[in-house]
Amino acid sequence: MGQMFTLESLNLLPAPAFTEALGDVFEHAPWVAEAAARGRPFATVAALHEAMIGALRASSPPQQLAVIQAHPELGSRVRRRELTEESQYEQGGLGLDRLSEAEFAAFTRLNAAYRDKFGFPFIICVRRHTRDSILRQFERRLSNDMDAERQAAMEEIALITRLRLCDRVEGPGKPKTDGRLSTHALDTVAGRPAAGMSIALFEVGRSARSLLAQTRTNADGRTDAPLLAGAPLRIGAYELQFGVSDYFAAHRIAQADPAFLDVVSIRFSIAEPEGNYHVPLLVTPWSYSTYRGS
Amino acid sequence: MGQMFTLESLNLLPAPAFTEALGDVFEHAPWVAEAAARGRPFATVAALHEAMIGALRASSPPQQLAVIQAHPELGSRVRRRELTEESQYEQGGLGLDRLSEAEFAAFTRLNAAYRDKFGFPFIICVRRHTRDSILRQFERRLSNDMDAERQAAMEEIALITRLRLCDRVEGPGKPKTDGRLSTHALDTVAGRPAAGMSIALFEVGRSARSLLAQTRTNADGRTDAPLLAGAPLRIGAYELQFGVSDYFAAHRIAQADPAFLDVVSIRFSIAEPEGNYHVPLLVTPWSYSTYRGS
Amino acid sequence: MGQMFTLESLNLLPAPAFTEALGDVFEHAPWVAEAAARGRPFATVAALHEAMIGALRASSPPQQLAVIQAHPELGSRVRRRELTEESQYEQGGLGLDRLSEAEFAAFTRLNAAYRDKFGFPFIICVRRHTRDSILRQFERRLSNDMDAERQAAMEEIALITRLRLCDRVEGPGKPKTDGRLSTHALDTVAGRPAAGMSIALFEVGRSARSLLAQTRTNADGRTDAPLLAGAPLRIGAYELQFGVSDYFAAHRIAQADPAFLDVVSIRFSIAEPEGNYHVPLLVTPWSYSTYRGS
Amino acid sequence: MGQMFTLESLNLLPAPAFTEALGDVFEHAPWVAEAAARGRPFATVAALHEAMIGALRASSPPQQLAVIQAHPELGSRVRRRELTEESQYEQGGLGLDRLSEAEFAAFTRLNAAYRDKFGFPFIICVRRHTRDSILRQFERRLSNDMDAERQAAMEEIALITRLRLCDRVEGPGKPKTDGRLSTHALDTVAGRPAAGMSIALFEVGRSARSLLAQTRTNADGRTDAPLLAGAPLRIGAYELQFGVSDYFAAHRIAQADPAFLDVVSIRFSIAEPEGNYHVPLLVTPWSYSTYRGS
């Protein structure tokens, strides 16, 4: 992922060294860093990013198009290992390098249709999406007109480069790029946290589900760490499973046989990658509630 | 299923005709009906059934064992079409005549182990169970001792014959043999019944799920008919699915994109075949509650 | 309250007898009934009422004003016993004949201000309101202009006469004039109706509260009769009280000492006199929920 | 309240200075501190307190009785200003120095009955109780026998002196003597914290209610500080009021007229002075839930 810099040190570097440090934040476009270097010093990481985006927006349409063109096609070149190191990291995290044949075919078809219509590759900030969410966006954006789609591509480039920059630079005024998913379980028979309840979190896609976390509630009915944190949440569908009947059995609370509630499952979608989602369970052997808290 | 009788007419029939009418309620044991005939007249259907059960309990242990022996093995003879018409109806309703090879193997293994231990076939009132529940009972009862298991077999015969008798006889004092499962959906954003919400009910077994009902809520947020009624509920696991995001989209209530809640699924188990289960959903785009009502 | 008629008999009466039967439905305006008589026969009670309202609306502005003028002042003439029997019944039901000196003063002041501004008495269908709600409407309508307020008065006359007509005439197509308030209590520790829980219903006004119903839940967790029914609900504020800690103590469910929840009180307002309000309680010793159902 | 000491400095003081420092922790019984001094050094504040309690329990029954006797009568001597500074602070905090004539009469009667039966004054750790809770304990303990009541008095002395010691000594291992009451409000129409909702907290006694806190939720739907903290919670009944209809009106969420829910009030009792009580509100214009969280 390259070297870390402090904002302070970047402000002091000679221009060529600055450009070398941040030249690959914009895909194959070191000139963006070069232009931004002239705006130094920057008080915040956000201001540095705005300066880079500003340089891109101030460039000519053909230059902008060249930046768009420089991005890899989703899912295809991943398999052919023809990516910049940054793109490889991003697309790999989503499993785009492990697509099934069917998924690979879907991406290939969409990539072709998209390139036919717009003449440039489909760009999306993959670290903010699940595979299902990317396919959904792909299909939606295919119906855009050219202007709307160039605008959409530019916005995704802003999101991609904001993340890349935050990975690379420490300093004041870093934009919030992380989200958080947490839960807690409350036993409303006893009026206390439900300690020791098993919790599992799944990502649930159209074609598969994958286990993201498996844990047990602590004495406070919470998990010792958030279920998801330290990165953008991926837009998509999730399922939380709570081991309710095991919990009540362990506490010798009367239940039916079989228990009315066994494993309670809550399915929800995340729409804000940088948001805080708290999805608790209030439960008795015969009832439960959930809600999005924060 | 044979002819219907009124309790009144049964009270007046000549004894041989009475025995003919009810002789097959107890599997291959017309003498039970014959004995009960001497207790006429009966004021209620329940009293008639108690008299029959009383005759069985008053018989000698070898006679009782013969009645137990006369029952078919679960799932095996079904496939060989060697059942009384009554047993065929009961086991067919559960799909015991459509077992997969794996399930058939499991039943065969359990039947053999059971017969080895107890020397008679495993008897259970199949109309009160799902396949999973039968397998669970099978495994549990295999660990009984002989006395407890003969007692269990007699209790199941009481349940089986109570259902058969209620199918056959109209009259006062019929025992409650039906259960009921119902739901309703309440939109707590608008404080009104959630009309037009799609609802699906599944039986969810260890190896498969099957759709039992698919409907849409009416103006009162309820379904026009109960989801299950008119028969015992089968002990087992179920899942209700509510089309929440479609509902709120149709009512132009703001939701996230993708909606936080899409299809809300509630899994629960039924333990009382003759019980009333009301499992409602109180819902906003960001929260829901459910509980067992009645 | 006068004699009951069937719609059928009213359709057949000689015109003078019809006018005599319904002449006092519109305050001091038997000519309204006289005009409506010419539209007979009516298929529904609603059609009869529409015909009477139509006659009023078709009359000249001075005639309409005369009908408005013929109504008593609220709360003032009640004390002087100068009302038609109908008005006395309606205003008495609200306790307008038992006003405190302070309330009497408030009504006197509002009546005077209203008459000063509009030149006719304030008309409201008192059977659809609590005293607080009447005072609130009084203050609101004082800020109307003349046209809006004459319109408002005509609408209230329609509501008053609809109720009077439904009290007087049996037949098909009677408009819904009754509301209903009901409740039920569910014990979500045990997953069953909370039977035997004490319930009290109060009307809660700005200056006083009055007990409207006191009862106990039956085996189904409901009250044997609705808390309010058989009449319009009065717009206003109410409070339901549920004896929660006594209930759980009687069922030997563990509670803190003192119990976290003792008497749970739910305050809510009714805005639709003809609506169905179901206000249940789902409760454990440590949590509760309520909502407006129907 | 006297000087603060660190546990470290107390461990090093000459014995007479130690006794002087803590001599008044036990009412008129400096010998308890004197005895505890011999057990130094103490690793924790809790161990110091246990040593003092141990000295008391090791003393002769007449000595113990003398300590009990040395306590003031509740509510009576307060008015006569005949208390140690410590007792005056403790009883004043509860308003025992501002009793109405009726309350004073009740306390006088109970004090007399208690002294008649047991021959010593009623001792209770007033900082853990409301007036209602004290009266309830008074009546309960009057029915104790002598042994149980001497035991009860000793336990209250332990609670009283634990608080006094914690007020006086800083150091490791301080027992938890504080409780906390907090709330938050969640808007489940919008799936976000209900910011800017008015909240009021009352203590609700049999004869009066007093406002303890009045505030407004912050952007996170919480209050900037806990509603109660930094001291034991007083056992007794409380009421939280949430300005629900004003909140939804400010956010332009549709409500009935008048709103179904206006001010939602939640009454609950606190039973654990050292506990954490979190009592949130999940609310739409038509429904709400609350529960004890932590």
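Things to note:
We call the chains A, B, C and D, going by the order they appear; numbering starts again at 1 in every chain.
By our rule, contacts are C-beta pairs under 8 Å (C-beta built on N, C-alpha and C of every residue); 3 or more make two chains touch, one makes a residue touch a chain.
The structure displayed is predicted, hence computed values, not measured ones.
By number of C-beta pairs in contact, C-D leads over the other of C-D and A-C. The angle of the rotation carrying chain B onto chain C, fitted on C-alpha atoms and rounded to the nearest 5, is 180°. Chain C and chain D have CA centres that are 48 Å apart. Centre to centre, using the average C-alpha position, chain A and chain C are separated by 56 Å. Counting partner chains per residue, chain B shows two or more touched chains at residues 188, 191, 256, 260, 282, 286-287, 289, 291-292.
The part of chain C that touches chain A in the complex is made up of residues 188-191, 254, 256, 260, 282, 284-287, 289.
By the touch criterion stated above, chain B contacts chain C in their complex at residues 186, 188, 191-193, 220-221, 282, 289, 291-294. Against chain D, in their complex, chain C makes its touches with residues 133, 136, 235-237, 256-265, 267-269, 271-272, 286-292.
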